[in-house]
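Below are two complexes that have subunit A in common, paired first with subunit B and then with subunit C.
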Partner chain A sequence: MAKTPLYEASTQFKNWRYSPDSLASVRASLNSAAVAVIRNTFESDEPGSSSAVSFLTPDEELLLVRLYISKIPQLCGFFHFPEEVEATAVSYLKRFYLKNTVMDWHPKNVMLTALFLATKTTNNPISLEAYTNNIPKTSPSDVLDLEFLVAQSLGFEFAVWHAHRALWGIWLDLQSVPDAPRNRATTHADIYDAALQHVRASRLSDAELVYTPSQIALASLSMASPDLASEWAASKFPPDSPSVPGLQTTLASIRALIESSVVPNVEAVRAVDLRLKLCKNPEKVVGSKAYLAKKAEDERKAEEKRMKKAAEATTEGDPFGDELAGGPGGIDDDDDD
Partner chain B sequence: MDAVEKANTERQKRWVKDQKVGEGTYAVVYRGREASTNRKVAIKKIKVGQFKDGLDMSAIREVKYLRELKHQNVIELLDVFSSKTNLNLVLEFLDSDLENIIKDRSLVFLPADIKSWMAMTFRGLEFCHRNWILHRDLKPNNLLIASDGQLKIADFGLARDFADPGYKMTCQVITRWYRPPELLFGSRYYSTAVDVWSVGCIFAELMLRTPYLAGESDMDQLKTTFRALGTPTEQDWPGHTKLPDYVPIGQFPKTPLRDLFTAASADTLNLLAQCLVYEPRKRISAKDALTHAYFFALPYPSHPSKLPKCAAQITAALPLEELDGNTLSGKTNRLKRKLSSPDDSTKTRSTVARRLDFTKPTPGS
Partner chain C sequence: MANRMNWLQGKTVRKNTPGNASHSRSSSTPQIHSTSATIFGGGVKDPSGRITEYSSEDDQCPVCKSDKYLEKKLRLLVSSCYHKMCESCIDRLFTLGPAPCPICNKVLRKLAFTPQTFEDLGVEKEIAIRRRIAKSAFNKRVEDFMSLRDFNDYLEDVEDITFNLINDVEPVETEARIAAYREANAALTLLNTQREEAYIHSLRQAEEQERKERELRAEELRREEEEEREAKELGKRDIIDRLERADGSDASGVVRKAKRERAEREATRKGVAPGKGPQALLRARLAAGAATTAVKDTPHIPFQDEYYAYDDMFTMQSVYVDRASEAVRKDREGIMRAGGYWVEEAWERAVRSAVAGT
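So, the complex of A and B:
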């Protein structure tokens, strides 16, 4: 029986792979759901007030997220975080916005939280104080308040497989293929460095949500040196292998993604960000009318739950009561201790 | 409500907490069940709000690794949800652990039983190592036992991944009695061999029914180890005197394992010795251990369902009618276990086992 590759047992393989079309549709439906909710909130506050609002499109949301993705390497450079932290934070930020929208949660704080969480999940922890003290206009609560939401949005799936690791693996392979020139690692170091730059550029794109780390790594290598990429592929697949034509198409698509991935134009993003100020979910703006209304509603619900729990507690002790009287509710989170 | 929040509420509704069964420094454990099936589960509620640095590292490690690992001999993380500022891990329910079983003086271990526990431990460990994960806290009470007898490696709060040589790691890991000498000497570069040493200590403990190398301090741990296995020479373990925290401990002679483990077979002692090799690079790997002659020699490992269980565990596992009608067979399994030839024991025990073997077929790994 053929063994399943380790990668295929990962949560990344199982839960975070999309086709370009499915990515677009996930983003479109998140966007339209958010617009509907926010429009509703505006209207209940003041009827007719939503008609003048120009909400963000899915592409504009993505543009904003990309800008903040591009900030991660700068921060990581400042803190001297290893590449794994950087790559993981980028993945977290992308994954977060496949479950949430920019109009609810601004990517600035989500980015800071994703990076902080990534330091911990990759075993490179730093104290929250040391982290926020070095980032202008950021308090510990800006990071901590969102940490749970980010972890939850990731489905608590913290392990991420990265293309830069796959590139390193290919690089090691290339030094041990039959007839590999001696000292290849030193004589061809510039090729590795160039390929790594392409891997880094790929992080701005959707590549990792569509392709496997090793596909991205091989495409990056093929941009730096088509010959070495073919040599490696030849060592893995027989020349007449049915996988080869498909592989070429895949590599070409990834190269196109990498080549077109650029840091968004700051002016364009600024215009989007300005509009975001007007169309973001008022329930998430601390102090706004809608925020206060939501908070009051939440408190009312919590109180209701406490009352219900207290009422249930009085029926305890009935040997037949627990199972039957509990009813379908059954959410007991035992948070009172 | 946000989609993420909504999904969380859905998850939360799937599980019901029934009863608090334990409380640790950072978590409370409940016995609970899946609402729709009544399947028993354990819910580990981790208090998050109290940490100034947010989600704490052991919770993160545990979730990170258990989310990825699915194997018959590794505890299964069924779900994760949050309630306010608490993180809830829904784990499969396991009613005992190897420490309880070792300490239960009413139980007799056959060599085949020990072999079975060792095989399951090495299978689970080989899977972790194959996935580039070091456990770093193996000890009998982290080896949990399911009602069908399957052993599951649990508690990944100290686990980490490893890949590149030359990446510094902390040496403050693994409970002292199960900690290998390279960590006691302060090595910051180590490997899967650290877990194998722990398994060696557990192997010895299963035979002795008491911890094998029970040092009273880190220094005493080295002394205890060397007293049992002899002080390593430069030839046994090249370079060990250059490790960061190396101190000369004294010269103890090597005594054959046979002197202490008088009843053990040659294969048993060979595998044990290979788990306890000083030079980490020469210590046997989990993968090689699985193909060691010990596992292919008679007696064959006991079927998990026939392994000794604590009394409480048997009652917990038995459906009511079994308790009513077949009390005797339950007792037979627990008390009347005598060392007999492999043929005999399979014959007499198989009848008992068939009656006891009510569990569902175990899922493939």
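So, the complex of A and C:
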């Protein structure tokens, strides 16, 4: 029986692995579906009003999400959360926007919720009050209202394999390479720090949705010190093994991804955000006509369901069975004798 | 000196052992630690000497108000009306014959004072009453009744009477009830008392029998050892004798022969021995059982899951140069570690994730 490698048994490998093309198509289809729904709502609210609205493109959505991803390290630095929390929250945020769109759920609150959820799933819990009191203009309900939605969008798959742990592993395993200088880990500590910076930069990109954590870690190390990276890779894969060329191209593309990942320009994002205010799904804006209509619709449906249930209950006869209710002579079950 | 220190270490000094008794009399130790074995009546008797007389540092005689602080020898005894007073008060008040209790005016005698066993005098009273009830009259057994129902009713009655006596409810009527019962069941009570005594006697006899057997076995063992030692001695002397006679021509051959002979002798003796003691018999039986039921010892195979953990892709070192875990490794007392945390496991997880999926 062939055994499943541990990583391939993970939900990260099974459910959160994309090719660059599939990523783009997922985002495009999500965007177009959301645009269609919102346009419909606008039209039903006020016919002809949607023609003037310019909806966000998938790239603009991604830009907005990236900006909020870049806020997570700042928050984690403020709260002194470990690296694990930071990386997990970033993964959650990215994964959330592969199931939802920015036009439905604004990333600001989703980011706060993802981070709060990550503190809990990585066993670094913090009280909700301590969390929201230290973030301006945030109430506990901002975080909690979305929590179930976020968890549901993640498919309740909270475990994430991280590149920074793989990098740590490579750094430790480099000490097992034959003829390695014993004190290299201390004398070349700056290489590790530089590689870690590259791993952090990779979090702004889509690298973790396309490549495995160990590939990202090795690429980051190769950016900091190509010699060490090739030394480790050579110790793991003999130079004539068939997987080496593939690995080289993979590493090259990860390096390109990391190099191209920059924190989005705040001005550009602000412009996008302004437009988002206009094209947000009105059903999710409290107080708008569409919101009220949706609420009324939901209530009508719920009422219908209740009526149906009540009707079923009456036609089905006695809930405890007909034998008791319609027995011969009947049972005198009132006590007023 | 060691004996004298006993009272300091809280050990019980038993007055009835002659060595200690003389010692405590001659020593300046003022404390009296009498055990119930010395008690002249009443109290809980405990032949093992584990239950001692109750006394505390806060003891104070309610009659003369002298206390442990000033009067180290203070010893409080309990009257039959369950009031405490010190020995000197008892001497003072009751030497000339029965006199009223200074607290409740009940007429008391000097001999009716008992040492205290329990801190709570209520417990003391209850135990005394229960003993009296059980000894004097109410010792029927379940065999003496027609049905379990009757027996339970009888037990209920006994409990009622006991409760009344303990809580002083209708004392006169209760005493009358006991007297009436005793009169009605005198023969049966006597019979049951005799039965009880016979049972205790038989228990004691069985114990004695067992002790004797143990001694016998020990004696047997000692004798066997002695014999073995003698045989060994004899063998040695025999070798020396033979060596003398062989005048050095084949010394090693003589020694070997003598040794072989001795081994044979021992083998025959061992072959006979198992028939003797039960211990040896048991051992022989065990050995026989082991020989027949010996199970083939297959190596243990741990649970096999269907995952591949990249174990062939790395070898763990016993220790790594690692900045991240330095503080934890230095922390010998384990203050920073949660239960079950091993830095080696963290390393292994990291290395495993480094090779996973490349």
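The rule we apply is simple: the second predicted complex is superposed on the first by the 306 of 337 C-alpha atoms of A that agree within 3 Å, B and C clash if a C-alpha of one lies under 4 Å from a C-alpha of the other, contacts with A are read in each partner's own complex, and residues count from 1 in each chain.
Methods note: a contact is a pair of C-beta atoms (placed from the backbone, for glycine too) under 8 Å apart; a residue touches a chain by one contact, two chains touch by 3 or more.
Please read all numbers here as calculations on a predicted model, not as lab measurements.
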Inset, instruction - Sticking to the clash and touch definitions up top, decide whether subunit B and subunit C on subunit A clash or fit. - result: clash
Legend entry - subunit B versus subunit C as contact partner of A:Phe116, first or second or both or neither: first
Legend entry - Touched partner set for A:Gln215, first subunit B, second subunit C, both or neither: second
Inset, instruction - Answer with first, second, both or neither: which of subunit B and subunit C does A:Lys99 touch in the superposed model? - result: first
Inset, instruction - Check whether A:Arg165 is in contact with subunit B, with subunit C, with both or with neither, and answer first, second, both or neither. - result: both
Legend entry - Contacts of A:Thr11 with subunit B and subunit C, given as first, second, both or neither: first
Inset, instruction - Have a look at where A:Gly246 lands relative to subunit B and subunit C in the superposition and call it first, second, both or neither. - result: neither
Inset, instruction - Considering only touches as defined above, state whether A:Pro226 meets subunit B (first), subunit C (second), both or neither. - result: neither
Inset, instruction - Pick one for A:Gly77: touches subunit B only (first), subunit C only (second), both, or neither. - result: neither
Inset, instruction - Classify the contacts of A:Ala151 with the two partner chains as first (subunit B alone), second (subunit C alone), both, or neither. - result: first
Inset, instruction - Jot down the residues of subunit A that show up as touching in both complexes, subunit B in one and subunit C in the other. - result: 6, 9, 165
Inset, instruction - Using the touch rule from the top, collect the residues of subunit C that touch subunit A in their complex. - result: 306-310, 313-315, 317, 320-324, 347, 349-358
Inset, instruction - Name, in rising order, each residue of subunit B that touches subunit A in their complex. - result: 2-5, 8-9, 12-13, 16-17, 28, 30, 35, 45, 48, 52-55, 57, 60-61, 63-65, 67-68, 70, 80, 82-88, 130-131, 160-161, 163
Inset, instruction - Note which residues of subunit A are touching subunit B in the complex, please. - result: 6, 9-11, 30, 33, 99-100, 104, 116-117, 120-121, 123, 125, 127-129, 140, 143-144, 147-149, 151-153, 155-159, 165, 330-335, 337
Inset, instruction - Spell out the part of subunit A that touches subunit C in their complex, as residue ranges. - result: 1, 3-9, 13, 161-162, 165-170, 172-173, 175-176, 182-183, 185-186, 189, 212-215, 217-218, 236, 247
